[in-house]
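Before anything else, here's the structure in question.
By letter and in written order, the chains are A, B, C, D, E and F; residue numbering begins at 1 in each of them.
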Amino acid sequence: MTQPKKLKLGIPKGSLQDATIALFEKSGWKIRMHHRNYFPEINDPDIQCSMCRAQEMSRYVETGTLDAGLTGKDWILENNSDVVVVSDLVYSKVSNRPARWVLAVAADSPYRRPQDLAGKKIATELVSFTKSYFEAAEVPVAVEFSWGATEAKVVEGLADAIVEVTETGTTIKAHGLRIIAELLQTNTRLIANKAAWEDPFKRKKIENLDMLLQGALRAESLVGLKMNVPEEKMPAIMNLLPSLTAPTVANLYNKDWLSVEIVVSESLVRDLIPKLHELGAEGIIEYSLNKVI
Amino acid sequence: MTQPKKLKLGIPKGSLQDATIALFEKSGWKIRMHHRNYFPEINDPDIQCSMCRAQEMSRYVETGTLDAGLTGKDWILENNSDVVVVSDLVYSKVSNRPARWVLAVAADSPYRRPQDLAGKKIATELVSFTKSYFEAAEVPVAVEFSWGATEAKVVEGLADAIVEVTETGTTIKAHGLRIIAELLQTNTRLIANKAAWEDPFKRKKIENLDMLLQGALRAESLVGLKMNVPEEKMPAIMNLLPSLTAPTVANLYNKDWLSVEIVVSESLVRDLIPKLHELGAEGIIEYSLNKVI
Amino acid sequence: MTQPKKLKLGIPKGSLQDATIALFEKSGWKIRMHHRNYFPEINDPDIQCSMCRAQEMSRYVETGTLDAGLTGKDWILENNSDVVVVSDLVYSKVSNRPARWVLAVAADSPYRRPQDLAGKKIATELVSFTKSYFEAAEVPVAVEFSWGATEAKVVEGLADAIVEVTETGTTIKAHGLRIIAELLQTNTRLIANKAAWEDPFKRKKIENLDMLLQGALRAESLVGLKMNVPEEKMPAIMNLLPSLTAPTVANLYNKDWLSVEIVVSESLVRDLIPKLHELGAEGIIEYSLNKVI
Amino acid sequence: MTQPKKLKLGIPKGSLQDATIALFEKSGWKIRMHHRNYFPEINDPDIQCSMCRAQEMSRYVETGTLDAGLTGKDWILENNSDVVVVSDLVYSKVSNRPARWVLAVAADSPYRRPQDLAGKKIATELVSFTKSYFEAAEVPVAVEFSWGATEAKVVEGLADAIVEVTETGTTIKAHGLRIIAELLQTNTRLIANKAAWEDPFKRKKIENLDMLLQGALRAESLVGLKMNVPEEKMPAIMNLLPSLTAPTVANLYNKDWLSVEIVVSESLVRDLIPKLHELGAEGIIEYSLNKVI
Amino acid sequence: MTQPKKLKLGIPKGSLQDATIALFEKSGWKIRMHHRNYFPEINDPDIQCSMCRAQEMSRYVETGTLDAGLTGKDWILENNSDVVVVSDLVYSKVSNRPARWVLAVAADSPYRRPQDLAGKKIATELVSFTKSYFEAAEVPVAVEFSWGATEAKVVEGLADAIVEVTETGTTIKAHGLRIIAELLQTNTRLIANKAAWEDPFKRKKIENLDMLLQGALRAESLVGLKMNVPEEKMPAIMNLLPSLTAPTVANLYNKDWLSVEIVVSESLVRDLIPKLHELGAEGIIEYSLNKVI
Amino acid sequence: MTQPKKLKLGIPKGSLQDATIALFEKSGWKIRMHHRNYFPEINDPDIQCSMCRAQEMSRYVETGTLDAGLTGKDWILENNSDVVVVSDLVYSKVSNRPARWVLAVAADSPYRRPQDLAGKKIATELVSFTKSYFEAAEVPVAVEFSWGATEAKVVEGLADAIVEVTETGTTIKAHGLRIIAELLQTNTRLIANKAAWEDPFKRKKIENLDMLLQGALRAESLVGLKMNVPEEKMPAIMNLLPSLTAPTVANLYNKDWLSVEIVVSESLVRDLIPKLHELGAEGIIEYSLNKVI
């Protein structure tokens, strides 16, 4: 008798962990961490979850220890891992801006370009990628692995420059540093082992997972909008509505009015509602969405 | 002049307290705890709330100190209370699995069945129920009241076995124990005093409360799903949809498409959406529900 | 080249801060506090936010340091500021009752009316307003600024009475005090500088902001209700529904039933649902709203 | 080959735990709790520690599961355990006043004496002791086990009186209660199993432990005082000093002065120092003591 | 029958509270705060404690509501209170540097001296003192009461300068400010009401309190040092020892050596010990002191 | 004009940080961390402190970025740094047992010796040292850098063995692992740059620092013991006392008794005191020591 087939899925431990588990919950999978959390419980008999550092994930997916996993584009490149990139999942722990690995120096230093750092010492957690970057630029530098608190190293006199990840640049600036180059934009990726991707059961499982994760992510920036519109105002209203999806229209019990329902980007709503109101829409309501496929 | 009639309602203090207050909020009643919390405030002039230990609740409902209350089936049985069981409300503080009182022994002990414990010492908070259980099984044991940390008692050498409540069994196992019997499944119950149940005002109040509590609980596992479907794909889509309730269908402004809306179990969604998508449904959105009656 | 025009908007720091930022988020503006939070980031290029104590806000709006701001009616009066009151925004940090500034004395003191305090010492943070109140009443009292913990001052023997803000009166009572007069009901207000209000760009911006803030606030006490109704029961159901807005009605795929959807006050739902159910409505669902305009 | 002999010692879990471990540390034994704390580590190969609820301790010492333990006099009486009382160790978690189990009723109730409660319901955690107390007084009452938050039961209308432990009476009063009788003063006790007490190895171990625990406790209320005194002032100074122990006197390098050193109660120091100073003592220093035997 | 005489003593609430209570504990008085802390308990029947804001203390001492109290020199001056200054007690919540009220402006502003601020707006909590300061300097400025977060006001554009208290200047600098003048050094003071100071009982009580508080404060910067010295090295060692108090010298059992004991400033120890060691002192031990009178 | 000479001293950031700062405080140096903590403040004008990861410390000392620093023996070896080892300072964050880097495998695996791991994958933070260890043993293994949570890697199936640091072995065991070899015992070390060690000013500074640090560490395990002894019992008592240092003896004012004072290991006290008491010593007191040189 054979073991039922399972997708071995890596969930990133650490800074992305809570956001990832929340995204899975919105997508339809509940992951429960137990106190001794080697294998978190997931309510899907076809999946076995493992917690794994984002830094190490692609290594384990490449060698097949895991079939698929979520990790950052940065660490896939740092590890130079040969994996299938299924999709980009843009979510983060702090802001909605993309995370960037930047080269930063003391604000009051003379360095303006990467070339100015020839012969200098650079501290970073992304050692291989940084070395490649400077080799490609033909700038000889000493790249040292930083065990953390990298931003402080320049001010402390322990390094001449750093390569560090940032979303808003606030922390970099607060440490008295100046960004002189952006080396890499990064975001979370769903990756798969090459052999697993060729296995129909596993591929189908990964693709469905991807569809739901994307649907839940998309829903975060969209909302449902519903309003009542007098029939004669309909053309003007329709002109105003963004064309993302066709609106759903129904007659009101009171026959001269229509009910109009659309899905729109949440960021447009604050400008759209005053205009809709001016054009005669009434009873405008906005509601949240869990998924949009 | 007479006092306005009020339903005296017991809210369980302790581990179920937050979940209960949250459930009431979803059901339409806001309960606010004050610092000296003898009588929490509730936004319903017909109800007076009291906080009360789940262990003692049925005692107070039985004697009429309270008209109704929420507590566990386990403690109703332990107290052997003569009350009206209005309904079962399945919610818990940890997981969605039912809580069970189990008989557990040291993992490396020779005990395999309750019968093997003849002459031994059993620690539990559920003393009366446990005594009855072993008397019915005609196994003579010494049952001792445990003041807490019951799971540790076997390893500490203070008892031969324990009877303790668990949802997932994780804590039991983590203490080096092995479950050898399940004595009782339990869940929260809405109970009423017998005389209060015969009073029309109080009974109506309890029944309405029950309807809304059930409606809020049901909504936790259901979601609304809305999608646009080409008219010709409608039969295939209808075949796929679970038959819980008839879908609501409306025509889109663009006449060849229909808008379809259903309420489905959240646990089905991750399998349903990929199939709906494959059959041609578009603009699929999912939204949350507060109550489903 | 000119600087792009911006609305300088004051956000109240302190007890109202979290509630205000949450309200803005629901209204469509994300405000992000940074560690050194002089100027919180807002996702609207037309607005520049400043954090500012509620007590000082109207001073800065009056002099034009800020174009608009949110603060309490109490502090506008205390500062006697000449500003445009755009609207009242009733939300608070604790309850849904209006906050009131009350005059309170020791529970066991002989004082029953403000007049009884002639010649006595009153501690308060609202010094100017309190002085005006007693002057208008022609009761001579000494009003002293209280640096905090005002409720304790009477029991500690440091004052004869206090003027303090309260929502439920619980804290006042818990300090052994008795309320003998209410001096002022207060709530949050959106205020504008007079010159800014005459500037078309700024006024439009403030009005739109107001519309969305009001819409988000309104949504907090309303919910959407949707149900399926047999056609012949429609008149009875329609009679029962509150007339806030006309219901949206659509035919079900199964032709003898109608889908009915309304927006109602959340506080009515727990009474409405049992009646709808009795009249034959089925598949009643309730869902939350983000905004209602 | 035989197991080395060990004293099985029970440490009270819960409210006394931290104070007990701190007292042992001052006495010379380091107890370290581990995450799964069945058997805390102690730096003495002759002792094996167990954590055990104070309520259950005397039961386990009586039956020999433990050789000795620390627990309250109250729970020894409640369990009616036949054990050796080695000594009283007066320390507590809150104040330096002895803890007392008191009978308390609503402040505004008519009850003035235990006799007034005939036929009433009394809630307590100390059921057996309370029953005995009222039986001895020949007052028939119903005593019910309280699962906690006992102080609230009278105000909540769930009991007519309570028997509860208190040090300062503050909590009792804050719950609107009035104390009408003191049933029992209690403090921590070191107790031993009768057989263990007859075993010379174990008895010696328990006695030494007792000597050091007493020495550490005594040191908490004593301090060392050292001062320089002109020889001719010596008699006056000697008269003033409490006679607890003879002072240690040495000559100063500068021959006309003496160095005087004593151990005194800390509570006397604030009155003693001004007088010593007046009498001519100089360079008065006070230092802390770890143990005083 | 008369009430026993008591000293009404004000303890500063807020930032100095914990440090003050700790200092009293070291001095010999235990102050215990209760949950409703109008009158903290003190273990001295001659004293009744009140908690009181440092800002208001001198007002209450001046009018005799309190007999004595601890508060800052700054607030005594701000309130312009006519009280007896018994002594300065130099302790603080952060560092051991004196707290200073400074005038600070934006680091990149052109202001260099107080005179440069003529016609500008200054925010501070110390309004009266600041007004007097500028009046004395004949610089016309607008001084506005700041409700807190004063350091942020300049950067936020709400004020041109601030007057704020600081110990290290770190926070001032971190807010992008530059100090251009020091207006006042402040520290805690023990103050007394003038009439209370004339009452022999109260004055004696205040003086003894002062002696012990000073003794405990002094002990914080002193330590006891004890060492064994060969008799022939005694002169060299004696030369080295600071002359604060004469050392205590005793003969060792082994007659050629002396035991030498002194009290020295803790800050000298790290330099003194290596020198003593070099000169032949052995068995050098250092111990802490609770009080030095 | 030249800069005053300073010793650049590295303080380990992270797990050893608090223990190190506490040790310096006991030794006579106060280190204060500021919010932006590049250069913590130290109350010695001759020293400039830097915070630095223990893992990187020896690298910075070797190259002269720092003159001296405290770090672990393990990381000095891992970095293979050429520095002066001034002394071993045995203190830790958890227990008083030495920390050890051990090789651990799954408890139920067949591996018994390092040799059994030939061809396997080993996860560790100590990559270089581990590689050298296995090369010396001529066992070919793959050593992978672990980004943390190393103990979980074997159970998670991500590695075959780990090399990890432990004091008690408890965590290792709790993760289901078995230790099969100890690779290295480690402790904190004071290290110096080779050139700095040749500089007389810096060397003197380092040596004095070392003397005081050692003195403070030694004091942690020693206490002072003082007692009164009848002259005739003196020989017996002297026989019993450990010979660490000669006792200080003085005559009591009451001439037949002697005062005896010694410094002894705290761990001996609990056995010594009962014996001293039995031999007739009285008024035995124990007190703490800050430093013992």
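Methods note: contacts are C-beta pairs under 8 Å (C-beta built on N, C-alpha and C of every residue); 3 or more make two chains touch, one makes a residue touch a chain.
Going by UniProt, the chains are A, B, C, D, E, F = ATP phosphoribosyltransferase.
Given the structure is predicted, the values throughout are model-derived calculations rather than measurements.
S.K.: The A-B interface: which of B-D, D-F or A-F repeats it, judged by over half of the contact pairs being the same residue numbers?
M.R.: Residue-number overlap above half with A-B among B-D, D-F or A-F: D-F.
S.K.: Return the chain pair with more inter-chain C-beta contacts, choosing between B-C and B-D.
M.R.: B-C
S.K.: Could you state the distance in Å from the CA-based centre of chain E (ATP phosphoribosyltransferase) to that of chain F (ATP phosphoribosyltransferase)?
M.R.: Centre-to-centre distance between chain E (ATP phosphoribosyltransferase) and chain F (ATP phosphoribosyltransferase): 36 Å.
S.K.: How many angstrom lie between the centres of chain A (ATP phosphoribosyltransferase) and chain D (ATP phosphoribosyltransferase), each centre taken as the mean Cα position?
M.R.: 58
S.K.: From the C-alpha centre of chain C (ATP phosphoribosyltransferase) to that of chain E (ATP phosphoribosyltransferase), how far is it in Å?
M.R.: Here chain C (ATP phosphoribosyltransferase) and chain E (ATP phosphoribosyltransferase) have centroids separated by 43 Å.
S.K.: Taking the mean of the CA coordinates per chain, how far is chain C (ATP phosphoribosyltransferase) from chain D (ATP phosphoribosyltransferase) in Å?
M.R.: Centre-to-centre distance between chain C (ATP phosphoribosyltransferase) and chain D (ATP phosphoribosyltransferase): 53 Å.
S.K.: By the touch rule stated above, which residues of chain E (ATP phosphoribosyltransferase) touch at least two different other chains?
M.R.: Answer for chain E (ATP phosphoribosyltransferase), listing residues that touch two or more other chains: 36, 174, 250, 287-288.
S.K.: What kind of graph do the touching chains make: line, ring, star, complete, other?
M.R.: Basically it's none of the tidy shapes, so other.
S.K.: Any idea which chain F (ATP phosphoribosyltransferase) residues touch chain D (ATP phosphoribosyltransferase) in the complex?
M.R.: 95, 168, 170, 174, 223, 226, 228, 250-254, 257, 259, 266-267, 269-271, 273-274, 277, 282-288
S.K.: Which residues of chain E (ATP phosphoribosyltransferase) touch chain D (ATP phosphoribosyltransferase) in their complex?
M.R.: 27-29, 32, 34-36, 43, 208, 211-212, 215, 219, 224, 238, 245-250, 261, 263, 287-293
S.K.: Chain F (ATP phosphoribosyltransferase) touches which residues of chain A (ATP phosphoribosyltransferase) in the complex?
M.R.: Contacts found on chain A (ATP phosphoribosyltransferase): 13-14, 36-39, 50-53, 55-56, 59-60, 65, 144, 146-149, 152, 155-158, 174-175.
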